[in-house]
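The structure is given below, and queries will be raised subsequently.
Chains: A, B, C and D, in written order; residue numbering restarts at 1 for each.
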Amino acid sequence: MFTKPSRKLLAPLAAAASLTLLATACAESERDEGGQEAPFVFGSAGDIKSLDPFLANDGETFRYSRQVFQTLLEHESGGSEIVGGLAEDWEQSEDGTVWTFHLRDGVVFHDGDELDAEAVCANFDRWHNLSGPWQSSNNSYYWQAIFGGFAENEDEALPESRYVSCEATDELTAVITITEYSSIFPGGFSLAAFGIMSPSTLEAIADAEITGEEGNYSLPDYTRTPGTVAGTGPFTVEEWNRDQAEVTLKRFDDYWGDTAGFETMILRAIPDENARRQALEAGDIHGYDLVAPADVEPLVEAGFQVPTRDVFNVLYLAYQQETNEALAELEVRQALAHAVDRQRIVDTILPEGGEVATQFHPDTLDGWSPDVTTYEYDPERAEELLEEAGHADLTIDFCYPTEVTRPYMPAPRDIFDVISADLEAVGVTVEAKSYEWTEYIGRTDSGECSLYLLGWTGDYNDAYNFIGTWFAVQNDAWGMDEPELFDAMAEASSNPDQEERIAAYQELNEQIMEILPGLPISSSPPSIAFAANVEPPAVSPLTQENFAEGSWKE
Amino acid sequence: MTTTPSSQNLPGDPGTAVPAEAGGDGRTPLLGRRAAKVDRLAELMGERADDGHGAGVWRTAFRRLRRSPMAISGAVIVALFLLVALFAPLIAPYSATSQAWGNEVFPNQNVFVGPRAENWLGLDNLGRDQFSRMVVGARQTLLVGVVATLVGFCAGALLGGSAGAAAVLGGRRGAWYDNAVMRVIDMMLALPTLLLAVTVAALVGPSLTTVMLAVGIAQVPIFARLLRGAMISQGSRDYVLAARALGVRKRRIALAHILPNSLGPVIVQSTLTLATAIIDAAALSYLGLGNPDPSFPEWGTMLADAQRFLSSAPQLAVYPALAIIVTALGFTLLGEAMREALDPKLRK
Amino acid sequence: MLRFLVRRTLQLIPTLGGLSILLFVWLQRLPGGPEYALLPDDATPEQREQMRRSLGLEEPIAVQYLTFLRRILQGDLGTSLQTGRPVLEEFLTRFPATFELSVTAMAIAVSVGLPLGYLAARRRGGVLDFAAVGGSLLGICTPVFFLAFVLKVVFSEGLGLFPSAFRLSPGLSRTELSGFVVLDGLRTGELDVVWDALLHLALPGVALASIPLAVIVRMTRASVLEVLDEDYVRTADAKGLHRSTVRTRHVMRNAMLPVVTSIGLLTGSLFAGAVLTESVFAFPGIGSFVYVATQTRDYPVLTGFILVIAAMYVLINLLVDISYSLLDPRVRAQ
Amino acid sequence: MSNGTPLLAVEELSVVFGGRGSDEVRAVDGVSFTLNEGKVTGLVGESGCGKSVTSLALMGLLPSRGVRIGGSAVMRLPEGETDLLRLPARRMRDLRGSQLAMIFQDPLSSLNPVVPIGVQVTEILRRHRRMGGSAAAKEAAVLLDRVGIPDPTRRLREYPHQLSGGMRQRALIAMAVACRPRVMIADEPTTALDVTIQAQILELLKELVTEEGTALLMITHDLGVVAGLCDDINVLYAGRAVESAPRGPLFAEPAHPYTIGLLGSVPRLDAPRGEPLTPIRGSVNDNIAWTDGCAFAPRCDRYAAECLEGPPPLVPAGDGHTHRCVDPAEEETE
């Protein structure tokens, strides 16, 4: 659709180049005389939503934006430790409300602007001062998740903003002040949604408006057409072909760190997991994410590289206590927990290396407790408990998502099928309901499903990112009211002392598993696949791969 | 999708309907007079039956069917399918939903269990007996096909029948009504059946009922057109003219004479629609608009669900695929053979 | 001829009017009304109220209909819930892909179907006839998506002859004049692009062609059989004309009449088939977009798709009528 | 005139349908007759008696499969005598239309509805007389004029449905005579026409035969046509000739009861008023195989036991008069 005039002039050259390319299609890593290198094509599960990550809350947009924009803090390559990003290092005040970031020197944006503290603060101030449709949670999900509200909240339901100010104390020092400490910091500063854009970009988009109604927003042009947004990442965004669902990234040669191994990287959306695998096998793409567990072995045998990420997720069966009164009874919740053969799900459906989860976050996180109450697979006990509760003939609706795989949930339909068969085996009548992913999220969030499958991959290394997401306040997704738990959660989260906080988390985990708001099913390591001739980037448990680390094998 | 224009002009059998009418008569003078009219009509019909084909078209058609290999193979397949579907609970050795062998299959490691002594077709991806699922699935598939066809048949017959009757007998207002109905029908025909079904299904949300409704509704315009066409062609027949000349009431002509004689092509179409319904139902399942409960065996759902194992355990997809293809083929063969047998143009 | 065209075009108006009413009713029938369909489930009552107002749902029904009609006529099919872009725009950017795929499929179906149907009829009862009839029945009875999968597994995954997805190999550089990849390639002389695009079109094209092919074979066969029995073919033979003359001028020209109609109808149904085929081959056309829309119940897209298909069907019908009148002088005379 | 040279001698022609599993049907069984230059030979009988099959067999227009043809049909051609029944298909195609032409029963269905009359006339000229486009068009106009179609150049551009029934038949005749064939077969050429047109067409045929010296085989069920046109007459029943004679003797002294029956079923102006027509009982279907006896026996008034004692032989009755009856009528009509 969008063509730069210069490309037209280059057309004959490009044609010649691609002819050669076709001739050497089998050896894609080879460079041809034109100096052009074959692009690295990665099959993603969906198209990106916006070029500006601030507006997004989905993994595919963030996979793209992490290559183009950078955040103040990052996670270590291949791990979950927080390290410096655009900020070389940082300090927090005693009470955890003042964060001082010492920026890297010599960082330039794609458009030539230089990174300084003013630029960082301009970004934060912009977000803080957004108004109108920008304040819809559809358009600023992560801002609201971390900082609560805006400078001027237009919706009374929004909490007061946690953000106070950002000051550039010197050229390379930005000081961000927040109202109170929360364990979401410093992890919050690493979220891809808070990718720093250049001052020129900010100027250009200052008047950009979101039009349309709730649920039917039309995003401003700069989020759709490359050319306006500029970050500091190892790649620049070259083209977003929306009808092909394809984003083309180019190596940014003035990147402050090691320049990217690939000259060109293309993210191409292939929603179907089978199609992704076939595309890799056919050589159409050179890597893809969300590999089905069953495909791992055949791919490895066929010579593909299928690195496995560390476990950093949890899959759970949620009990919504309001839609089905029986679920408000502890015995029923326990009965359902005993009824499900979680080991079988782990053994037969989840990828190798998965484990039955005993609590609502993986054991790789501090705060995991070895002493939580466990619920063994025991159908007889389940039946007894149901009998005791007077719900021997329980009927319950059970939702699962269709046409989707998540890192923690490879085959939702099969997992549903196994659980529902287990439940039926102890006398529960299951009414199946399936929804497409976005609709599913909406319905489960608003508490329309009594039982449903969902999970979470951590954004950063803190237990609160898991349990705090669900059990910090009364909400429709769970429909449970446990004020004590909520209070304890708030207290733990606002404790700046690392050790005390972790001990509190352990207690919280024990408490949660007593209450049993849902059944944690598993934590499993998701895989990602690459062609044999690719030197893949270090895989990240947080699914935050930095593709600049990848390159063609010599 | 399987209709051809020639199917719209199939004549029914003029000889079957009327003699039955001639029976109950002669009680009151009024009835007697009407009976006399009917008798005269029957006489006319008798003459018709005499001059042309002697035995009824149906009987000749049946004779032809018995000799047609197409019809026989179709009938055998359909009969087998019906038997399996009707006696599914007796045939299936195990429960179709119990994951009794759940610990023997590991889809995450591509470990599947193929045919063996206790499970004739092996196990499915969750350790259920595939043979039992296929057998019980036949029943669901039949249900979907029959209900969908019935929906299409009934609604289509109502629309098309009324339009046809109005066109033949209704005069100017009838023609207007016919025109209006046919506009709607044409519009519905404009939408490919599958798309029509998809929109209906997307509207109501995924369930087995949705599939049946959606596929059925998609068939309505075809049935309506067919019946109307047949009725109009019957309407110009001599016996209808004769009946009108004799002053038989219009409703009676339409219901007792034109309609029964026009049903031939519609019945043939029903057979073909069963095939289409089964295939379209499978497509809807693939689109995720089918039964949300995956444990419930239905061939379309099973096929759609097993696609992902096509390279590692192709049999899981191939069994239901073959079953669908063969069953649809059976109905199509039978329907096509019936159409050929009834169509004088194709008769040789 | 011109008068015929004008007359036929005028006759479309009531049809299109009927369609718009049907669509309007459809939208009204959406669960809870259009504002529910167009808003997320957790929308507040105020938002719904606002949506109702902005959709003009407070107005009398006739006014609503006229508004609806005006919007359609202006090409406003609403905004996609998935992408937030106007539905028409989404369709237009994806149209070239689906168009190329449909043309490929139709080209396969026609170029194979017509000769095969003719030969089957000519050798009625022979092996070829049996194979053609059996094959076409099989084609009709095989679920398209399954066929597509099998093709992909065998020819792409297994034999590696064709790519499994997309319209073009990623990163293939080409001069972009329009969305029509093949046409552009031919115009600019980038034959590698053309070849690459054709390779990508092959498998989905065959899968999509399966049903039209089957129908065309059967239609052609039946039609040719009928025509072969016609007196004028006997006349032509009695005149001692060359076989080829008899075949083209006397048999095919007449036999084509019903086939042309069905080709028209099939072209309309191709777009529905594209929903299945494109999704299997990740072919970035209208089909896969609508596939996602059915998943996400993107009502504006679904409604828009129906409208586009119906409009296309009407257009195709017009084309069929025109070609029919070119082929059959009797129609012109009416 | 009466002494024309024989152009086509048909000997013992037989046509058998079916076989291999299904029942055999002997449609034509040992029929012999000769067509002479400038003469009209009639083939008379009820529908289903085998007259049309005879004509198709001579033209080589019967399907090749499922049909067995026996006997010979030797035609005198410029290059010598040739048995039409043994000629390869390609050679036969050359003869058809040029040396051997046919006029069919239903002029509407015998003309290709979608091709202009002009093309249908010129194609035969281009094929057999190797004429170029404009020459053929000119000749076609001459031909149409010759067969009495007014304003021929305009008619050439028209389609069959634009012509009247009589004109269509004239057009067909024009095609038949286009290459001045030696032998012409007219299969019920007037049945589908109005009575007044019938007479005109017959007059035209007679004229052409006389002027061109063509041998005409006139196939009809209509004795009126036979009486007015034919020089020699063959009466066919159930595939066999039951009586052959020149026109005079046949009408004067019919020998076979079937011939008598046929003559009796025709209303005659000169018959006394009030005298009933005498229809033949039953229908053609009520017969027995010739091998078992006289096929006409079940319908015959004079049926006797000897009729079933085997096939009745063809008996000469002098003056070129033959019949196939064991108990022929003798001078009864006098």
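Please note the rule applied: contacts are C-beta pairs under 8 Å (C-beta built on N, C-alpha and C of every residue); 3 or more make two chains touch, one makes a residue touch a chain.
By chain, UniProt protein names: A = Peptide/nickel transport system substrate-binding protein; B, C = Peptide/nickel transport system permease protein; D = Peptide/nickel transport system ATP-binding protein.
Remember, predicted model here, so these are calculated numbers, not experimental data.
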Averaging each chain's Cα atoms, the one nearest the global Cα mean turns out to be C
Check: interface with higher C-beta contact count, C-D vs A-C, is A-C
Per the C-alpha means, the centres of chain A and chain B lie apart by a whole-Å value of 49
Dist(centroid_CA(chain C), centroid_CA(chain D)) in Å evaluates to 52
In whole angstrom, the CA-centroid distance of chain A from chain C equals 39
So chain D residues touching two or more other chains come to none
Multi-chain contacts in chain A, i.e. residues touching at least two other chains, fall at 402-403, 436
Among chain C residues, those touching two or more other chains are 153, 157, 295, 297
Touching pairs here come out as A-B, A-C, B-C, C-D
Within their complex, chain B touches chain C through residues 1-2, 4-6, 183-184, 186-188, 190-195, 198-199, 201-203, 275, 279, 282-283, 286-289, 300, 303-304, 307, 310-311, 314, 317, 321, 324-325, 328-329, 332-333, 336, 345-346
Interface with chain D, chain C side, in the complex: residues 125, 230-232, 234-243, 245, 249-250, 253-254, 257, 327-330, 333
The chain A residues in contact with chain C across the complex are 1, 3, 7-8, 11, 14-15, 17-19, 21-22, 25, 38-39, 41, 212-219, 224, 242-246, 264, 266, 268, 270-272, 275, 278-279, 281-285, 402-403, 436, 438-439, 442-443, 445-446, 448
Per the touch rule, the chain D residues reaching chain C in their complex are 59, 61, 65, 92-98, 101-102, 104-106, 109-116, 119, 123-124, 127-128, 159, 161-162, 172, 175
The chain C residues in contact with chain A across the complex are 38-43, 47, 50-51, 54, 79, 81, 83-85, 90, 93-94, 97, 152-153, 156-157, 160, 162-167, 169-176, 179, 188-190, 192-193, 195-196, 279-282, 284, 292, 295-297
